[in-house]
Amino acid sequence: MTDETMTDDAVAVELPLTEKLEAILLIIDEPHSLVSLAAAVGAPVPAVRQAIESLVDEYDGRGQGPRRGFELREVGGGWRLYVREDYDDLVADFVGGQAPARLSQAALETLAVIAYKQPVTRSQVASIRAVNVDSVVRTLLGRGLITELFQDSETGAINYGTTDALLQNLGINSLDELPPISPLLDDGSEGFDERIAR
Amino acid sequence: MTDETMTDDAVAVELPLTEKLEAILLIIDEPHSLVSLAAAVGAPVPAVRQAIESLVDEYDGRGQGPRRGFELREVGGGWRLYVREDYDDLVADFVGGQAPARLSQAALETLAVIAYKQPVTRSQVASIRAVNVDSVVRTLLGRGLITELFQDSETGAINYGTTDALLQNLGINSLDELPPISPLLDDGSEGFDERIAR
Amino acid sequence: MAPSPDESAPAPDAAELESVAEDASGFRVSLSNFDGPFDLLLNLISKHEMDITEVSLSKVTNEFIAYLRELGSDEDLDETSEFLVVAATLLDMKVAGLLPQGELVDAESVALLEARDLLFARLLQYRAFKEVSVWFARSLQYEDRRHARAVRLDEKHRARTPELVWTLSAADFGTLALLAFAPKEIPTVGLDHLHAPLVSIREQAAIVVTLLRSAESVTFREIVAGAVEPGVVVARFLSVLELYRHAALSFEQLEPLGELTLRWSAEHWTDEMLATLGADYDR
């Protein structure tokens, strides 16, 4: 070691990246991307990625120590600490409280249409479901599962898309993880959208 | 393993006490006493004490695994996870970067809704604003502009209200001095609540 | 699909009528379970365990129309009219199915085929989203049970956040509140213009009868000349079919797809017969 490593900066660098990340992970209340975490701990993204991976392994008991009661999950485009699944019931009993109201079948179907067809307007969703979807869209907006993306400059129609909160609520990391749906969809909808738009 | 350990109950018992404790510790806001933790995990207090001690050691790097960026500390007669002191500056920088000096328009509007409708629950605010307000409410709580008033005994929903800090910021002495907006309040919100409830 | 000639028809039909009658009482109550016309169609199709692309049209159409009648006038007009659009398409398809194959390949039948394909495409699409919504429900439900760390910031760390810059006066705050409470009406576009006016087969039949009786022979082309609404054309064609059933007219078509020439041939025709014409389509 040289004298240089004794300056404050150098000491900061000496602290293990994994520990720094754990400190940040302990205080965040939503998923943070590798880039955001890298900025927080002042380390390059590849190093952060590696450190995160080793934390995942350690918490899962694949490191030197025992398995932990929590785990590190990548959800909704970022990393966040979660209670390990085995203990969800235990924690639920402890926390109490009621589960949030389930979404209606209409809301689920509308959500699915928006997830796969985004950006999509309400009237486009309505044409696929063949019912008025206004109140359902409101509910989904209120739950933060969808958001207004932009307004069509010509028609003034608002285009909707899904949020990161939806990904979190689904427990997936990106829209790519949605299950594939029938390829028939594309054919059917194209002609249809044109007709219904009249 | 005997046949007995294969039943659901037996398997649940098999889960390590330390992991159970970690699951609880991950989600609590306030320090919890050994008695309270023991009740949460359904184990005798001495066993919980021992498990907590071994967690303290593990997090501090005196176990098999590496040291963690957080620690388990006893404060005011209860146990809770804290960021390890070495990382206080890191966290402070991160938090400072995350929290802008000004409230966003969304936060201000949510604050206005809470100010005029208090006591009010998060979901009520969300339906008035037609967007998810969870993170905004956390910001306002963090800024000390609103506070948790009480928990609804039936639904468990937390009711929020504004604080004296808001009154000071607005330069008024009491909520009565807020500019009246009642006519619109009644009309607008009533019909809307009904719609969103569907 | 099971052959539907006369000898095999009665038994299943009777059984079916029974089941429909049984359902009928329950249906009025559970109508809201069918979230839209596609939902109802899918339900009918699955009830008969038929492939969506090989639907026994008349069966499903009849039941769909029957359910449609139960909708009543107090239902949401927008939703009812969506049901009507689907019902109209189904009726078109049923009519096309009644015709000998290959007899009609003019603009109308092409339009009919398009409408049928469109309906199938929409149904398939709707079914795909309905199926995938099960995955959404399961995932949401599973994830609901998970617990993420979301703990309030320590006082110690909170104190390090930059001081809040506050610039609003109480009056500003009131204005802001007005803005926040203004109902966020999502602008809606009325659907009224999408719905074609209802066309009465009886009314159209009266026109057809008048035309037929006024001349020695009339071509179908002449009968629908000037009819702008597709529904009117369909209704006039249906009335021709019905009049043929009543032996009130004869027709001549020299070559497939050729001109359809109609002659009035009724021996005992009274205008009262118009009143019952097309009654099948009421059921």
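When the chains are written out, they are named A, B and C in that same order, and each has its own residue count from 1.
Definition applied: a residue touches a chain if its C-beta (ideal position, glycine included) is under 8 Å from a C-beta of that chain, and two chains touch if they have at least 3 such contacts.
These numbers were taken from a predicted model, which means no experiment stands behind them.
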_Chain separated most widely from subunit C, comparing mean CA positions_ = B
*Indicate, using Cα centroids, the chain positioned nearest the centre of all protein chains shown.*
A
*From the C-alpha centre of subunit B to that of subunit C, how far is it in Å?*
50
*Quick one: report the Å distance separating subunit A from subunit B, using the average Cα coordinate of each chain.*
20
*Could you give the separation in Å between the centres of subunit A and subunit C, each centre being the mean of its C-alpha atoms?*
38
*Hunt down the residues of subunit B that sit against at least two other chains at once, touch-wise.*
23, 26-27, 82-83, 91, 95, 130, 138
*In subunit C, what residues contact two or more other chains?*
147, 149-151, 153-154, 157
*Using the touch definition up top, name the residues of subunit C that touch subunit B in the complex.*
147, 149-154, 156-158, 160-171, 173-184
_Looking at the complex, which residues from subunit B come into contact with subunit A?_
15-16, 18-27, 40-41, 58, 63-70, 81-84, 86-87, 90-91, 93-95, 97, 123, 126-127, 130-132, 134-135, 138, 155-156, 195-196, 198
*How about subunit C: which of its residues touch subunit A in the complex?*
35-38, 76, 78-79, 82, 86, 118, 120-122, 124-126, 128-133, 135-137, 139-151, 153-154, 157, 186-189, 191, 194
_Per the contact definition, I'd like the list of subunit A residues that touch subunit C in the complex._
25-30, 70, 75, 80-83, 85, 88-89, 91-92, 95, 99-100, 102-103, 105-106, 108-109, 111-113, 115-116, 122-123, 128-132, 134, 137-138, 156, 158, 168-172, 178-179, 181-182, 184-185, 187-189, 191-192, 195-196
